[in-house]
Amino acid sequence: MNERSMKEIYYADYLQLDRLLNSQLPESRRHGPEAHDEMLFIITHQAYEIWFKQILHELKSVLAAFTVTPLDEHSMGVIVARLERIIAIQKVLNQQIDVLETITPLDFLDFRDYLIPASGFQSVQFREIELRLGLGVHYQYPVTGRLRAEDVAYLREVAGEPGLFQQVDAWLARMPFLRFEGYDFWESYHEAVAAMLAKDRRSIEKNSLFSDAERNAQLAELDNTRRKFECLLDPAGFEQLQAQDLFHLRQTSVLSALFIQLYRDEPILHLPFRLLSHLMDIDELFTAWRGRHALMAQRMLGSKIGTGGSSGHEYLQQTVDKKRIFKDLFNLSTFLIPRSSLPPLPRRLKQSLDFHFTGEQSS
Amino acid sequence: MNERSMKEIYYADYLQLDRLLNSQLPESRRHGPEAHDEMLFIITHQAYEIWFKQILHELKSVLAAFTVTPLDEHSMGVIVARLERIIAIQKVLNQQIDVLETITPLDFLDFRDYLIPASGFQSVQFREIELRLGLGVHYQYPVTGRLRAEDVAYLREVAGEPGLFQQVDAWLARMPFLRFEGYDFWESYHEAVAAMLAKDRRSIEKNSLFSDAERNAQLAELDNTRRKFECLLDPAGFEQLQAQDLFHLRQTSVLSALFIQLYRDEPILHLPFRLLSHLMDIDELFTAWRGRHALMAQRMLGSKIGTGGSSGHEYLQQTVDKKRIFKDLFNLSTFLIPRSSLPPLPRRLKQSLDFHFTGEQSS
Amino acid sequence: MNERSMKEIYYADYLQLDRLLNSQLPESRRHGPEAHDEMLFIITHQAYEIWFKQILHELKSVLAAFTVTPLDEHSMGVIVARLERIIAIQKVLNQQIDVLETITPLDFLDFRDYLIPASGFQSVQFREIELRLGLGVHYQYPVTGRLRAEDVAYLREVAGEPGLFQQVDAWLARMPFLRFEGYDFWESYHEAVAAMLAKDRRSIEKNSLFSDAERNAQLAELDNTRRKFECLLDPAGFEQLQAQDLFHLRQTSVLSALFIQLYRDEPILHLPFRLLSHLMDIDELFTAWRGRHALMAQRMLGSKIGTGGSSGHEYLQQTVDKKRIFKDLFNLSTFLIPRSSLPPLPRRLKQSLDFHFTGEQSS
Amino acid sequence: MNERSMKEIYYADYLQLDRLLNSQLPESRRHGPEAHDEMLFIITHQAYEIWFKQILHELKSVLAAFTVTPLDEHSMGVIVARLERIIAIQKVLNQQIDVLETITPLDFLDFRDYLIPASGFQSVQFREIELRLGLGVHYQYPVTGRLRAEDVAYLREVAGEPGLFQQVDAWLARMPFLRFEGYDFWESYHEAVAAMLAKDRRSIEKNSLFSDAERNAQLAELDNTRRKFECLLDPAGFEQLQAQDLFHLRQTSVLSALFIQLYRDEPILHLPFRLLSHLMDIDELFTAWRGRHALMAQRMLGSKIGTGGSSGHEYLQQTVDKKRIFKDLFNLSTFLIPRSSLPPLPRRLKQSLDFHFTGEQSS
C-alpha cells in the first residue's frame, strides 16, 4: 500500500504496453522490405493467444470448482457465468476470422515462405484448451516432432489431469435424484418411451408421401431407435452405444443429464441445465471456428502444403468432426420424450427440488 | 386428427408462403419502372415487423407470468429464457441495419417520394413493444395525427395496462428478504457505506496527479455521492432521487434490486439476478438500435425531412436517451459497495436462500 | 398519380401488415393448447423465406446483367454491390440460428410431431437460390417425392437456366487480356512457376525438423503440385484436374480468374477481383450456415429422424462439402505465385488496363 | 537466409509469446488474493491496444498513399481495402464489449480501487487514431494533467500532421471532373435542384394528414433546404454552412464528393465512391463503439466517478456526437437529388470516366 502511494498507476504501465506493443517483429523485414500484411498476421495471432490465456484462466477456475465434492451450490452460478464468458470470447475469436481473411492469398504469399516451418499447430495454449475441455477422451493428436520437447512435456502433464468433460462426467454420475426413497424414475421413463415410439411408428405408417421403400427405411430406423433406448437403460446395452461412438460419458452420467434436460424448470435443476447447454454452445462455437478455419486455409493456400508442412485444408476439414468434445450431449436428444408423455415426479421428490423460503413473496 | 390425416402438412402451407411471399408491392411500380432497391426496403421492414410480433409474443407471456402473485419459482427459469430470446432477436434486428444500409442515399431517392407520408413512426407493433416494456412511465409521444384512429385507440388501451417495468417494480417491492426475524439489513448496509466513502475520500485526497481544482471537484462529487446514499435509504430523501430522474422505481424495489445484485450467488437470488441483468441488456440493445437508426437516417437523408414529415435524424438522436426504460438499474450501480465491505448475512437468513435437498451429492 | 393523391399511403398498408402478421397459425393450436415456442419456429422460418425472396431478387438482377455481352463496365459496380448485399443478408441468416436455438430440444418436442412430414427440404426458394448460384453443376438432389408436382416442375425449369457459376464461367472465358498483341502471358508464368517450385523444394530439403519420412512425404506432395501446374496450363492435363474434382470451370476461365487475382491492382481488374472474392464469401457463408444447421439438427433431435423423414444431422453434415459452389476459386490459390516472382506485364498491356482521364488530378 | 537456416522459426518465438503472455499483472494480487475478473479486464484492454496498433499500421499506410499527388490510380484499390480492414477490426472492437460486460459491477468493485487514477483516457494509441483520422479539426480534448509529459508531447506532434480528414479534403479539392472543356456541371445541377424542390413543395402542400401548423413548419423547413442549396453552390453562402457546423470540408471538396456520389457507376468514380462510403462506415462504427462504451460505464459505475476521476458515463455520453469525424459526408445527403432529375453528363466527359481496353470482351 505504501509503495503504491508513492507510484501512481498509469494506464500504459498497468497494461505493460511497452512490452505488448513492441512484440511484433515481422520476419519479412529480415529478408527485404516489410510485407505490409505480415503485421496483421502477427497481431491477429497474438490476439488469439491472449484470448486463449483468458479462456484458460476461466477454464482452470471452473475445473477447480468441480474438484470440491459435493459441488457447492453457491459456485454453480459462478461456473455458469464463466462458461458464458468463454462463449462471449469464442464469438470474438470467430469474428477475428473476418479480419484475418482481409489478407488475400496473394498478400499472404509475400511472407508465407519466411514462416516455414512455424504453424498454428504449435499453439500450446490452444492444445491446452482442448485438453482441459477434455479432448483427450475423444481424439489423440498424431505423434509429432514439430513441438519443442518442453512443450510436449507440458502438454503430456496437462493431458494427465482431468478435463471438463471428465469432471462433468463425475459430477453427473454423483447426482442423487434418480433413485429417491424407493422410487425408480427409470422404470416410469421406460414405459413412457414405449408409448411414444408406438406413436412415431403410426405416424410413419400413415405418411402417404413415402414410397414403400422410404417407409421401410423409416421403420427400420425406428426399430433402431427403440433398440437404442433399450441400450440406454441397460448397463450391458449401454456399452454398445459407447462402442458406436454415441457416448463417452458413463451410463449414470448420461441418465442424470437426461433427467436435468427433462425437469429443468425445477429450481434446483435450472443452473445444471444451463451448464449443460453452455457445454453444447462451446462445442458448437469451436466447431464453427474449426470449420471456418479449414475454409480459410483452403482460400489462402488451395491445396498447397501449409507452413507447418501439413496439407492444411484437408487435415483441418477432416478433424472438425473428430474433435467435438461434448457430442454426447447432442446425442442425448435422441432420448428425450415430449413433456406431455413425461412421467410426473413423486410429490416428495418434487418438493426437494424447490426452495423453501418460508416468508416468500407475500403479495 | 382425422382431418389432418387426410391433408398432409406441406412446408409452404404451414408457413403460408403464398400470402407471405406475395405481400411485397413496390410503390415505384405504379409510377414507372420498379426501383430495384424498394424491394429490399419493403422486405427489411417486413422482417422487422414479424420479429416485432415475436417479441410481443414473448413479452406478453412474461407479463402474464408476473400477474401470478407470489411469482411461481418454476416460472423464473421460463421468464429468464424468454428475455434471453428477446435479446437474441434484438441482435438480429441490429444486424439487419447492415442490410438496410446497402441502400445508398441515391438509391433511396429513387422511391422515397412515393412513400410520403408513410413512416416508421407508424409502426404500431414497435410502439406496443415500447409500451409493454414500460416506456409510458418515462416518455410520452407527442400527440400526433399521423396514426389512424383505430391504431391510436389500440395503443391507448395498451398504455393502460401495466408494462414490464411496472410488473418488475411490483415484484421487487413484494420481495421479503430485506427484513428477516428482527434483522434489518439496511442498517448494516448504512455502516458499510460510510466506511467505503471514507476510503474513497482518502484516495482522492492522496492523488497527486490532481490539481487543487480537480481535487476539490472530486471531493464535491463525493459529498454528492454520500448525500445520494443517504437519500437512498431514507423515504423522504428517495423522493429527491426520483425528482432528479435517477429512479422511477419505488424505494423498496430499488432496495430489493440492490440486495439481489449484492447477494446474487445465493441460489434463490441467482435467477432474479439474471432477470435484472437481462432487462439492462434489452435496454442497451434497444438503445444501440436507436443510435444506429439515427445515424442511418442522417446518412440517407442528411438534414432533409423524413417521409413522415419529421426532421428525421435530429428527432431520433434526441430521443435515444429519453426512451431508456431500465436506466434505474444502471443507476443502481452507484450504490453498490465492494464485496469485501459487504455485511455478512445472518446464518438463518442465508440458509433460507439455499436449497435443502437432503440426499445431495454424496461424493 | 391521381389515384394516389386520393389515398394517402399508410405504413401498415404499404407493408401489407394485415396479411403479414396474420400468416402465423401454429399447428399445435389444432391439437390442444398452443405450444408457446411454435410461434418462434414459424416466424423464424418465415423470416428465412422473405430473405430468400430478397436474395433471389438480387441474384436474378445479377444474372440479367451477365446476359449482356460484352458485360457493360457500368454494371460491374452494381453487380458487386448486389453480391455484397447478398453477403449482408447471409450474415443475418446466420445470426438467426442463434434465435432458433433458443428453442430447446424439449420445447421442440411439444409440436414436432404435428409438423410431420413437412420439412425445410421443401423450401422451393432455397433450392432455387442454390440452382441460380449454380449448384446443379456440382450436386444433384436425390429424386424425391416430397415436393409437390408443381414445385418439382418449377425447379426443373430453373435448373435449365444458367446459374451464376455458369455465367461467371462464360464471362471469364471471354476475357481478352491473356493473349495480347503477340504476348503470351502463360509462357512467362510457366517459367516463374518453375523457379518458385525449385525454391519450395529447397525449403523442404533443408527443414531439419522433418523426419526423413516427413520430408519424403513433403517432396512427393511438391511433385504433385508441379504436376498440377503442368496440368493447369495444358488443355489435356486440365481435364485431369477436372476429373479430380478440383475444377468445374473451363480452363480459359480458370486462367482468367488467376490473372485477375494476380493483377488485381490494375484499375480495370479491381472490380472483377472483388466479384471473385465475393463469390468465395458467399460460398463460405452458405457453408458456415449449412454447418451450423447440421449441428442444430443434431442438438434438437440427436439421431432421431427429422420431420421430413430424413435422418437429419447426418444427411446435412455429409452434404455440407458437396454443396460448395465456388470451390474452384478456393482451389485456384494452389496456383498463385508470390508477387515477387510475378512476370511484369508488357507496357502497352499495362496501359490498356488503366484509366485515361487526361486532366487527371493536377496537384 | 543463412542465419535463418540455422535457427528454425517456432510459432511461440515468432509471436513472442514469452513476453506477450507474461504481461498481465493484476494489481489486486499486490493487495491480497487476486480478483478473478481483473485478468479479463487487463486482457480485454490489451486486446484493444494491439488492435489499435494494427489500425494505426493501416491508417499510416493510407495517409502515406495520400501524400502522393496526383494519387496513383493503382493505390486506390489498396486504400479502399485497408479501410475495409479497419472496418473489420472495428467490428471486433465492438464485439469485445460483450466480453467486457461479463464483468458485473460488483465484480468490478473487487479491483476498481487499485486502478485509480489510471484510466482509458490515457490510451495514447486511441487518441493517435482519433487524430490521424482527423478529430483535431472537430474537437479539442480539454487540457489535462493526466497524461505523462512525453505522451502529451507525442500527441501534439501527431496533431501537427494532416489526418485522413484533411488528406481526403485535399484530394477531393484537386479532383478535376467538375469543370470540363467549358462545361460547368454545377450550372445544370442548380437547375435540376430547383425542379426537385418545386416538386417537394407540392407534395407537402397536398399532404392532407398535416394540420396547417405542421404544413407550415414543413414549408419553412423546405425554404430552409432551398437556402442551403444556394449556400452550397455559392462560396460566400458556403461559409454559412460551415458556420452552422454542417461542413468542415472546403466547398470544392464537398462538391467533388457530391459528384462522386451522383455518378458513382462511372468506372473511374467507383473506388472513390467506396472510399467515401467507408469513411462513413468508420464514423458509424466508432460512434456505435462510443455509445456502447458510455452505456457500459453507466452499467458498471452508475453515477460514480470513474477511475480516472471523470464522471464517466456523462462525459462519454456527451462527447459521442462531438467526436464524429466524417459527419460532413452524412450531411452531404441533404444535397443529393434523385437520379431521374440528374443532368446527363456530356458525351466526351462520360468517355473520359471509362476504361478504353480496345480488345475488350469479344463475345
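Note that the chains take the letters A, B, C and D in the order they are written out, and that residue 1 is the start of every chain.
The rule is short, and it goes like this: a residue touches a chain if its C-beta (ideal position, glycine included) is under 8 Å from a C-beta of that chain, and two chains touch if they have at least 3 such contacts.
This structure is a prediction, so every number in the text was calculated from the model and none was measured.
Annotation: A-C is the more contact-rich of the chain pairs C-D and A-C, by number of C-beta pairs in contact. The greatest centre-to-centre distance from subunit C, using averaged C-alpha positions, is reached by B. Centroids of subunit B and subunit C (each the mean of its C-alpha atoms) stand 38 Å apart. Separating the centre of subunit A from that of subunit C, both taken as means of CA atoms, is a distance of 29 Å. Per-chain CA centroids place subunit C at a distance of 31 Å from subunit D.
Shared contact sites, meaning residues of subunit A that touch two or more other chains, fall at 8, 116-117, 207, 209, 264.
Residue ranges of subunit A in contact with subunit C, taken from their complex: 104-106, 109-110, 112-113, 116-117, 145-146, 199-200, 203-204, 207, 209-211, 214, 218, 221-222, 225, 228, 246, 261-262, 264, 277, 280, 284, 287-288, 291-292, 295, 298-305, 309, 311, 317, 321, 327, 330-340.
On subunit A, the positions that touch subunit D within their shared complex are 1, 4, 8-17, 19-21, 23-25, 27, 30-31, 36, 39-40, 42-43, 45-47, 49-51, 53-54, 57, 61, 81, 84-85, 88-89, 91-92, 95-96, 98-99, 102, 114-125, 148, 151.
On subunit C, the positions that touch subunit D within their shared complex are 5, 8, 69-71, 73-78, 171, 174-177, 180, 206-209, 264-268, 270-271, 273, 352-363.
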